[in-house]
Amino acid sequence: MSKKLKIAVIGGGSSYTPELVEGFIRYHNELPVQELWLVDIEPGLHKLNIVGELAKRMIAASGLPIEVRLTTNRRDAIKGADFISTQMRVGMLAARAQDESIPLKYGVIGQETTGPGGMMKGLRTIPVLLDICRDIEELAPNAWLLNFTNPAGMVTEAITRHSTVRSIGLCNAPIGMMKWLTSQYQVSPNRVYAEFVGLNHLHWITRIEVDGQDKLTELLDNRQEYAAVNVSHQDWDGDFLRSLRALPSYYLKYFYMTPAMLEDQIQAMQGEGSRAEVVKKVEEELFQLYSDPHLQEKPKQLEQRGGAYYSEAAVNLMRSLYNGTGDVQTLNVPNRGIIDFLPDEACIEVNCLVTANGPLPIQLTTIPQHIQGLIHAVKTYEQLTIEAAITGDRDIALQAMVHHPLVPSVDIAKALLEEMLEANRPYLPQFFQKEMPAEDKALV
Amino acid sequence: MSKKLKIAVIGGGSSYTPELVEGFIRYHNELPVQELWLVDIEPGLHKLNIVGELAKRMIAASGLPIEVRLTTNRRDAIKGADFISTQMRVGMLAARAQDESIPLKYGVIGQETTGPGGMMKGLRTIPVLLDICRDIEELAPNAWLLNFTNPAGMVTEAITRHSTVRSIGLCNAPIGMMKWLTSQYQVSPNRVYAEFVGLNHLHWITRIEVDGQDKLTELLDNRQEYAAVNVSHQDWDGDFLRSLRALPSYYLKYFYMTPAMLEDQIQAMQGEGSRAEVVKKVEEELFQLYSDPHLQEKPKQLEQRGGAYYSEAAVNLMRSLYNGTGDVQTLNVPNRGIIDFLPDEACIEVNCLVTANGPLPIQLTTIPQHIQGLIHAVKTYEQLTIEAAITGDRDIALQAMVHHPLVPSVDIAKALLEEMLEANRPYLPQFFQKEMPAEDKALV
Amino acid sequence: MSKKLKIAVIGGGSSYTPELVEGFIRYHNELPVQELWLVDIEPGLHKLNIVGELAKRMIAASGLPIEVRLTTNRRDAIKGADFISTQMRVGMLAARAQDESIPLKYGVIGQETTGPGGMMKGLRTIPVLLDICRDIEELAPNAWLLNFTNPAGMVTEAITRHSTVRSIGLCNAPIGMMKWLTSQYQVSPNRVYAEFVGLNHLHWITRIEVDGQDKLTELLDNRQEYAAVNVSHQDWDGDFLRSLRALPSYYLKYFYMTPAMLEDQIQAMQGEGSRAEVVKKVEEELFQLYSDPHLQEKPKQLEQRGGAYYSEAAVNLMRSLYNGTGDVQTLNVPNRGIIDFLPDEACIEVNCLVTANGPLPIQLTTIPQHIQGLIHAVKTYEQLTIEAAITGDRDIALQAMVHHPLVPSVDIAKALLEEMLEANRPYLPQFFQKEMPAEDKALV
Amino acid sequence: MSKKLKIAVIGGGSSYTPELVEGFIRYHNELPVQELWLVDIEPGLHKLNIVGELAKRMIAASGLPIEVRLTTNRRDAIKGADFISTQMRVGMLAARAQDESIPLKYGVIGQETTGPGGMMKGLRTIPVLLDICRDIEELAPNAWLLNFTNPAGMVTEAITRHSTVRSIGLCNAPIGMMKWLTSQYQVSPNRVYAEFVGLNHLHWITRIEVDGQDKLTELLDNRQEYAAVNVSHQDWDGDFLRSLRALPSYYLKYFYMTPAMLEDQIQAMQGEGSRAEVVKKVEEELFQLYSDPHLQEKPKQLEQRGGAYYSEAAVNLMRSLYNGTGDVQTLNVPNRGIIDFLPDEACIEVNCLVTANGPLPIQLTTIPQHIQGLIHAVKTYEQLTIEAAITGDRDIALQAMVHHPLVPSVDIAKALLEEMLEANRPYLPQFFQKEMPAEDKALV
């Protein structure tokens, strides 16, 4: 239990890193981190240095024996690591801006995880993550990979299907919901049981109990809800919520209120620009703050960034894995019979008991009839997207796009896919290499 | 084998009946019908008499010992019957006209089987059919019920879930497809194997072989298709078809080409009126013809009615059940493991081996990944609709409407449901009785 | 959380009761028992009084405000209870003696839970328990029923299939195993994760980790094992254990070492008599002790009785349900997808997370290929026995006996069944009433 | 349809070959065989020549344009073949004699397909068959492999799991049963529907209808049964049969009447010797007959050999595959959902519709509760045996032997396995090579 731990953060130059660092400091007695490696790609070196120096200042202020290492050599960071976390954005915010804006031209929701935007992000990201997994398989085969990279469910499923790395998908939405519940009822988390059913960014909470007493009914009746700052605040219809008998994730508004959410996005685009552009400005301000050589703690402003609790989710999970605490966390894991109509390998987001050898999903009390079709429809799209990401097969990509519940027709799917693939050409070699003339291919 | 058979046709006053009668005449040596009971409700008596007299003339001309009986007493017709077929329309064409026109006001496909129209037809029809089943359970427990009543998949599932009657759902689409294939390739049906996967009005053909040779690829490449007269002729996109690797039912155009199909319906409505109105005119002309006392055969014009091969499908199935021929027919039957992600009781439309004790579904070679979500989404809606039809529970009805893949949002679902329930009030006592003041209820 | 609790112990005159009482005293701060009802049948009144008086003395000595009530009126005890536990023996030790001795005459293992003995116990017990459940449904519909009555898996499954009572099956074997492990490794229970796979009295432990480190391999290599006092101490074969890659329950010796275990039973029968006879003597001595008006604590000798940890298991479970502690316990619960080849309703013995609204089974990491057939074979026998117990159908009983893996042939099964049914005639009205002459039946 | 066919018979020197030849002659108009290759191993060359010459004489007498080719070069025979059938016996009758006699020493059933004998046959045969499959994958990838080689279920499953060859397992027991039924009721086969449920040599018939009328009940009541000449004639118990509600395969007597069948085998061994020795004599007499240069038809005596209808089963299946007849045959195929509790890849023996692209299993009407455990127990043993055959892993082999329902204990399993592996050492290189000293291995 006294083993000193090595942590590697891939995409360590992210603006979220100070949150993680804060977590490692706070919980050092339960998670004895000795080396913290922040790794990023060459173009992110500038940001890596800013964040890295802040991390060093924070740790120095804490007086803890944690060594911070900054590198662009991924393999050095991975080698012998105990925990690896990923938070990356292939194509950076520029690609996200396209993910969000192109679909709007076709009257389709533009969103970086849900809808065609998330599909493109998946196509760009999955090959890169699998490449990282090849390194982990070789250099840190016993490490736990905590994947925050969106679309987290799809990326995690790609890893469990195509790699031997021990990986777990994480999202801040469930922990945010739990925080909201404990604050609503002024209780400690262990007195709340909330049953999550579904997929990443597509879950419903079908049971909420505080000290064993049902609270779901009153929450639905009062139309109370938890929502993140980055999702539009459309109100749920009261009759719908009551008849749903489950609290839907705020991401489900894209499916349940499609026209209004689309209108909202079009308005926002005409106003403050895409979410990517908003985030870009926030990030610039954050890095401005991070650069201050007197700053030696996580600045308050980070909390408005949209990814609240990311760090808490990650550190909690590492602590539970390290100590085998047997507590319950909502994680993205292979299905293996928990949702009876999905394949064993399908990645789902459900409550798990966390043992030292990984999370064990807990049986669901109920999988409401009415949500089964939508879960399966989105999972179908996800699995086709994973296959397309790996094979670069346009036929499969077309089927994924056509069968996405937010895409209204084959015609739109086809045109939208063409434009989005083209716009992402630099990040999708799997789709374009084969079209190269033979002589060019030799040069690749 | 020499047993004389009693047949009861519920909804016997339908314009389709002469087709059935023609079938009974043609195949009398294999299906020795002795009594043919045509039964209809009081308001349909006039049409029943016209059709019934034509049936009598047709049989007289054939010289066969078949007795035709006309009645409005359902129980007399059912008692001791060997085969019962249903072809009914609760609310008649007026209700269908509403099913088709109201959704258009909300920008939603109006169709009598697919979409909200089909949902309303299900809500009206299921209780009536289950009521008939109560009579069959009592008066003809060993009879086979051949259900043609749309939405046939949903109605058949309601019967298998809530009655002990031996029932089979039938549709003319699969037999039409087989006819088209045998005519394309100029072969007899037993040289063609076409694998149907899916639900009623939501199937794909994933294997087509003539003499064991694959023909699916060339059919998809040539974008050749079979379509009924009553579905708009939008062409399939070639790339989509090829990548689908399956021939979609023409009903799938409502899902794959939603905006174009909707536009088409709106145009048609402004032109010739709803399909219900078109059918109404056709029917009036048919009954004009049927009334001719010199007519003693099925008139050619019936074939343009849209339900080609209904009779052939029915008589084929009766012959196979009666003789235990062990031939393959595409039928609506309980799933019981054939489509692995659907419940055992879910009614599916697949190939079956027909034995004397009923159809046995045949294992599917493949259930393509890309169509699984849509199948499950529609089945989810169907099962909620069945439950709503039986309980009259508006919450469940709302969930059914919200989760129908063609309904774009909760707002629209709610408003549309309200208007459609109200429009169907006379046929939906299960939804309205409970609202009655207590004193009124006593009178019901 | 400050609710005062009512507990009903059915079979309260059992020699185990002082253990339970001790538990209620020790954990009163976490489980505020206010009323403890001990209920037994008329013939057990003498023992009930002895045990009941001891219980009163124990509580008096503790100074806690727990009221002990003794009754033969089951309904008074059940009414409004929060927890009900059952520990009964229909036919008492005399019936057990038959269960153990008759099979030996046929060369078959005689055992009160495994084998034909357990089958007879099930046939006698299930109708009685279901009768109690009728009372609970009426008088304490929200109570938790903790079922210790053997064969606990079969009885619990009968209850979940045929009653709406919230019931959980409990056995002392898993808790005994956990105690043994924590003592072997000198750690607290929360540092051990042991994965139980299987059925009651038919489980394997496929993972044992202490602080996340595998200990299963060394336990198997050292042939270390945990066994109860009431099961013969045959040693496991080392090669077998190692290749099994799981620690088998000591009850599995009946299946894996059948001839030796049989021989052992025959020897014992010729020596000290059946286990029932041994237990009878132990019980007599215990009641002698209990009668001592100076005794006001659980006597040490009770631990040799064979049911160590029963009380601890029961009190642990009540505390966790009451407080919603979310700890892991090994319980008998409906399968619902955990063991993929068994029906949803099959009762299995696996790890569960205990919430205030009941136990939620945790996904199994592995279900070894080699044990699947035996699990299914025994579950098949159990389900047939449950059906036979309820219907009194001899055909089903014969199929149960024939298909029990310890019964070597149809001939033996048939003869053994006949003799055992006859010997149990007073307790099996469901099998014998129908044979009564019509005139007698009228009198029943 | 006018393609000329090439057939390869592996193990062509078998005494069964004349039956096959007779079939090819009789059905030449439906199955236009042009080349018939009989292939055998070097030690079987003498028998191959005798049988081959008889085959040539038979064909000459028929006047058909079939060319018979004899060879010991397997690859020549396989190359471009349309159908390949296997009927081999690795280790020949001497190995079978051991399979049958060694278990008896341990009080265990000795049988060449069921029990430890079948396990050894599987261990010897599976690697050889997979080796042949490697050749087929290369030289005749579109060929159909009809596998008669016992244990046929296990061997076929090994092929479908570990090879891409299109293979089907065949047994003469189902066709024998159908022959017996058609003869009992004097009807043509298409008027009988008999539903087979289970595995090869472990099936039950749960529905028997003639012209749609149930005949199972009367067959069970009359204890009528069909049995092959090579299985001992113990009578079924009437009560058992009736309560079983299914007609058991005669191979099930090994499980249901174990002590009597064992006694029977011991008696026979002391009398006429093992079944292998009896067969050896029959075979010698047959080859005597075959050698007669005047013989140009299949001799009557072949029918007493025990494998009646093998040829008919094979030729029927080839005809149906070639012509895509869509008739129903009972075959060994991958489960894929038909028996819900077995894995998809498990080979089962059930009714199939035979299309030109292979057999499609037909849904089972019922899988009786009482037989599920035994099916799963035997399938567990089979799957372990397949794995042991491929890996040569003694641990897995021990688990297979221990968990075989006919093996009474771990002790016996271990000793029996040791002796049988040793006795089969020349045919089990996978189990023994690894024990060789390193220097010897280099020589292999």
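Labels A, B, C and D are assigned to the chains in the order they are written; within every chain, residues are numbered from 1.
Keep in mind that, in the parts below, a residue touches a chain if its C-beta (ideal position, glycine included) is under 8 Å from a C-beta of that chain, and two chains touch if they have at least 3 such contacts.
Predicted model only: the values in this text are computed from it and were never measured.
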Tell me which chain's centre, taken as the mean of its C-alpha atoms, is farthest from chain B.
-> C
For the pair chain C and chain D, the C-alpha centroid-to-centroid distance in angstrom is 45
Can you give the whole-Å distance between the Cα centres of chain B and chain C?
-> 54
Expected list for chain B, residues touching two or more other chains, is none
What are all the touching pairs of chains?
-> A-B, A-C, B-D, C-D
In the complex, go through chain A and note every residue touching chain B.
-> 236-237, 239-240, 242-244, 256-260, 341-342, 369-374, 376-381, 383-384, 387, 394-396, 398-400, 402-403, 405, 408-412, 414
Within the complex, which stretch of chain A touches chain C?
-> 1, 190-191, 193, 207, 209, 211-213, 324-328, 336-338, 340, 353, 355-357, 360-363, 365
